[in-house]
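Each of the next two complexes has subunit A plus one other chain: subunit B in the first, subunit C in the second.
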Partner chain A sequence: MELYRLTLASIVTRKTFAIFAVLLLALPFVLPLLTPWETKPSLLEPARAQAAWSLLWITALGWLLFQGATIGDRWSSHGILDYFKTLGVSRRRQMLQLWLSCFTVFAGLAAIAFAVSTFTAMPGDATEARHWLVTNLQYALLFFLVVAPLLILSISLGTRLNGAAAYAITTGLALYGLFGIGYLEVFLADNQNTLLNLVYIFSPHYHLSDLNSRLAFKLGAMPWLDLGKTATYLGGIGVLILGASFQLYREAK
Partner chain B sequence: MNRTRARVLWTLWMAGGVALTAVGIHSLRSDDSLRTDRNPFALQSSAYGKLLARLSESTIDRVWHLGVEQIAPHDHDHDHHGHGDDDHDHDHGDHGHAQHDHAQHDHGEDEHEAAHAGEHSHAVNDHDHDHGDYHCEGCRIAAEAAASASPGRAGSEEPPIDRAKQWLGRLSAVKYLRTNPKSMSEAHLATVKKDIEGMLLRSYKMDPTHYGVYNSYHLFLTTHDFGGTESSREHAKLIARHTIDAVFHENEDPEPWLTAASAAMNLYLMETESFSVSGKPIPLETLKEYRSRVGFCLARFSELQAKAEEAGTWQNLSSPRQLEIVERERFAYRTYEQFDAMIARREAPGVGAPEGEVAEQTPSGDN
Partner chain C sequence: MNSTPPAPTVTLSEGLSIGYRSRRFGERGKGTDLASTDRPITLESGRHLLLARNGRGKTTLLKTIAGIIPSLAGNINCHGSVQFVDEDLRFDPELKPRRIFGAFFKNGEREFALRMAEDIELEVDKPYGKLSKGNRQKVGLIVAETRARRGGPHILLLDEPFSGLDFVARDKVDSVWRQREDEIVRLVCVHPDEPTLQAKSALLIRDGRLEQQQVDGSLDWVETKQSLN
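What follows is the complex of A and B.
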């Protein structure tokens, strides 16, 4: 686990995660106060949960994927990965250790968002509170199924391309899956073009993992069957990304 | 051998991924769950959506002044948050022209008396805040506080910080100073109006229960001069119903019920305009139906406003905001009261005068 420790030490030394940690701790309590809650104080708690998860998405797209891309780039450019290869650390183990080092720090940030959303915005009613907790756990699962494979992709692309390109490609894919597909859908509403429809089908529908609506409007937990379908789909995409990342990974540039 | 084994394993891995994705996509497509809700991070209709809808007002207002009125926006004080006392020098109400809506709709030649009465009473309201006629104690206090604040402010020396802010405001206003002697072309003007309509639609999606946003959007959909067409007028009906639906489950905040009352009134005006055009009397059932609808919204407003006052949340609003809501309430009530007059007129035996005369015969409250 030397590569893991080395990478983790590098991330911790840089301390950029601290900025996001402070934002994740502070903004969910500040941002709701900017909304027109004066005559509707019940807006505050859902807004807090919404802010926590939205900021976690921003942290994942803005910090986590960037860390993955730059570490992949830096370690392969500096010959670190090649060195570990000579020590007998296989590609699979290298990928796992790099991924784990980035995700260790990010897991702390995700825990902050989860705790803020779950415990500082929990509804008073017992049934609603149970739904709230389950929704947050479901959200965490789907979020993980999207973000974890994208991180390994950014690392692999970083080892092959430069960090900026790897980050741009991975973030572009994530943004397309979260927001871009909605625009494609509008375009396809009165368009029967087979190619575009195929693009739509084979696009990564990451928007399925955004459960903010369930929290903001207190819709209750996702039915388990539906969660299973969504998790299967996102898990399948994750498996494919992981497979592609394995081929893209290079120990040396 | 190892390489072949690795390739086989990788191929199996990818095949597994394809199978999982295919199973997932098939089941998601079969119950139409793959479709996006076009509301990333649940922004629309959330607390942040409400905030963005409010923030959009100043942008839309600026575009309106620069593009449609072709004047610099800086001399205007629109103000919804109550810089209020000095805003009598122009007539926009607070939300981009929302409040003179009934006056400008092209319902044809015939404005219904309810609209006339509303327009008239509102015009008076704009310049006369101290007449009483409040439906709640908090409303009365807010109005009195605002009225008593006026003379003091006018006569006193402004603090240096206010003067500094005004100086900065005048500096930034230079950006919008129009020096082109020629006005915009008709085509350019039409484009600006469509742009504003697009902005209003975005704001409306953010918060369909916001009074200013809803009424401004309604105005753009129904007014011919702003690009309104017959089909957009149909859309305006849909929007009004959508607003009422969106407000229907509101049990805490009183203000959206005034938006619902306004939407119900707009629906009434749109659905009865054909009667006025043809000179036929509006069916009694229609009058009663809309009296009931608008009345229900206003009753809910009063109920929730009283609750908010009791809970102390009403006091969270600043006095100018309270006053703003009070004025809207008074406007809505005066419009609503015309239904009684119209219905009484229709039910009186042997009286066949068109409804339009009723407003003229009916004393308009405390004007």
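What follows is the complex of A and C.
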């Protein structure tokens, strides 16, 4: 696990994660207060949860994928991955160690968002509180199924392209899956276009992992069958991305 | 019962050819042959120099032995843990050498790395990016040497490890190398203009041929340089 420790040391030394940690700790409490919450104070807590998860998405897209892309780029251009290859660390193990080092730090950031959303916004009623906790856990699972493969992709693209290109491609894919598809759906509702319809079908529907509306409107936990279907769908996309990432990964540029 | 550890060896087969395969469309499979062997070459424990003029395939040979790039023909057999320390190997410029050693090693190995750093005058608390070229070379050398302290046979492939080192540091690295000459094969790629180094043999690449020249103590440097021209 030397590559893991070396990469983790590199991430920790740069300390950029600390900015996001502070934002994740402070903004969920500050942002809802900037709204006209006095008209309905009961919305304050769901808004806090929504802010926490939204900030975690921003952290994933703005920090995590950037880390993956730059580390893939830096280590492959600096001969580090070739060095580990000569030590017998296979491509698969290299990818796993790089992924794990980024995710180790990100897990701490995700834990902050999860804790803020779950424990500082939990409803008082016992049944609602149970639903709240389960919804947050379901959200965490779906979030992981989207972000984890995208991180692998950003690392692999970083080893092949440069860091900026790898980051732009991965973040673009994530933003398209989260928001772009919504625009496409609106367009297709008014227009018949076979090609765009196919694009829509084969697009990664990452927006399915966004449970913010369930939290904001206290809709309760996702039915388990729906969760299973969504998790299987997102997991399937994850497997495809993993396969592509394995093909894209290079020890040296 | 005492058992001596198995000796490390590198064997280059007869007909070994090193170089690059083209990646261009329509030229796939075609290779640029840089050097080949007429007879088998065996490197046993000890120090071996790799000498050639620029662009003749020194680094390519090291990368081929390390398994980073495939040979165009023939085989290479390595008996031992291989490490290839590229001249261009660079760590994160923000990391301090102490942290780098901490990531690679624990306990006794870490202490050895720090002791070696002190011996060869490396500042371990200065960020890697702010170190001079020679000091950056030292970090890679220390990592490789410390790993080679682990049990079992080792093969170190070092690409111009002395290019940025002053004579004092060279002498100190040399004395570290002398400590375990029998358990490690060190194939050291050096520029023909480098000062004389003690070695067991020298691999020379000239006119596209890779040859081994046995050396008794140190190489006749002037003669070798002339033969490379």
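As a convention for this text, the second predicted complex is superposed on the first by the 252 of 253 C-alpha atoms of A that agree within 3 Å, B and C clash if a C-alpha of one lies under 4 Å from a C-alpha of the other, contacts with A are read in each partner's own complex, and residues count from 1 in each chain.
We take it that a contact is a pair of C-beta atoms (placed from the backbone, for glycine too) under 8 Å apart; a residue touches a chain by one contact, two chains touch by 3 or more.
In this text, all values refer to a predicted model and were calculated from it rather than measured experimentally.
Enquirer: In the superposition on subunit A, see if there is space for subunit B and subunit C together, and answer fit or clash.
Expert: Pair status: fit.
Enquirer: Once chain A of both complexes is superposed, is A:13 in touch with subunit B (first), subunit C (second), both, or neither?
Expert: Once the two structures are laid over each other on A, A:13 reaches subunit C alone.
Enquirer: Figure out whether A:156 sits in contact with subunit B (first) or subunit C (second), or with both, or with neither.
Expert: neither
Enquirer: Once the structures are superposed on A, label A:212 by its partner contacts, choosing first (subunit B), second (subunit C), both or neither.
Expert: So A:212 only meets subunit B here.
Enquirer: Quick one: is A:78 in contact with subunit B, with subunit C, with both, or with neither? Answer first, second, both or neither.
Expert: Only subunit C is touched by A:78; subunit B is not.
Enquirer: In the three-chain superposition, say which chain, subunit B or subunit C, touches more residues of subunit A.
Expert: After superposition, B is the partner touching more of subunit A.
Enquirer: May I ask you to decide whether A:38 touches subunit B, subunit C, both, or neither, giving the answer as first, second, both or neither?
Expert: A:38 sits against subunit B, while subunit C stays out of touch.
Enquirer: What is the C-alpha-centre angle with subunit A at the apex and subunit B, subunit C at the ends, nearest 10 degrees?
Expert: With subunit A as the vertex, subunit B and subunit C sit 150 degrees apart.
Enquirer: Of the two partner chains, subunit B (first) and subunit C (second), which one does A:67 touch, if any: first, second, both, or neither?
Expert: After superposing on A, A:67 lies clear of both subunit B and subunit C.
Enquirer: Once the shared chain is lined up, is A:101 touching subunit B (first), subunit C (second), both, or neither of them?
Expert: Touch partners of A:101: none, neither subunit B nor subunit C.
Enquirer: Quick one: minimum Cα-Cα distance, subunit B versus subunit C, in the superposed arrangement, integer Å.
Expert: After superposing on chain A, subunit B and subunit C come no closer than 14 Å at C-alpha.
Enquirer: Do any residues of subunit A touch both subunit B and subunit C, and if so, which are they?
Expert: Looking at subunit A, the two contact sets are disjoint.
Enquirer: Which subunit C residues qualify as touching subunit A in the complex?
Expert: For subunit C paired with subunit A, touching residues are 63, 66-68, 81-86, 88-92, 94-95, 99-100, 102-104, 147, 157.
Enquirer: Going by the contact rule at the top, pick out the subunit A residues touching subunit C in the complex.
Expert: 2, 5-6, 8-10, 13-14, 74, 78-80, 82-83, 85-88, 251-252
Enquirer: Can you check the complex and tell me which residues of subunit B touch subunit A?
Expert: Contacts found on subunit B: 10, 13-14, 16-25, 27-29, 31, 33-42, 45-48, 50-51, 54, 252-255, 308, 313-314, 316-317, 321.
Enquirer: Across the complex, what residues on subunit A touch subunit B?
Expert: Listed in rising order, the residues are 31-32, 34-44, 46-47, 50-51, 53-54, 57, 178-179, 181-182, 185-186, 201, 205, 207-208, 210, 212-213, 215-217, 226, 229-230, 232-240, 242-243, 246-247.
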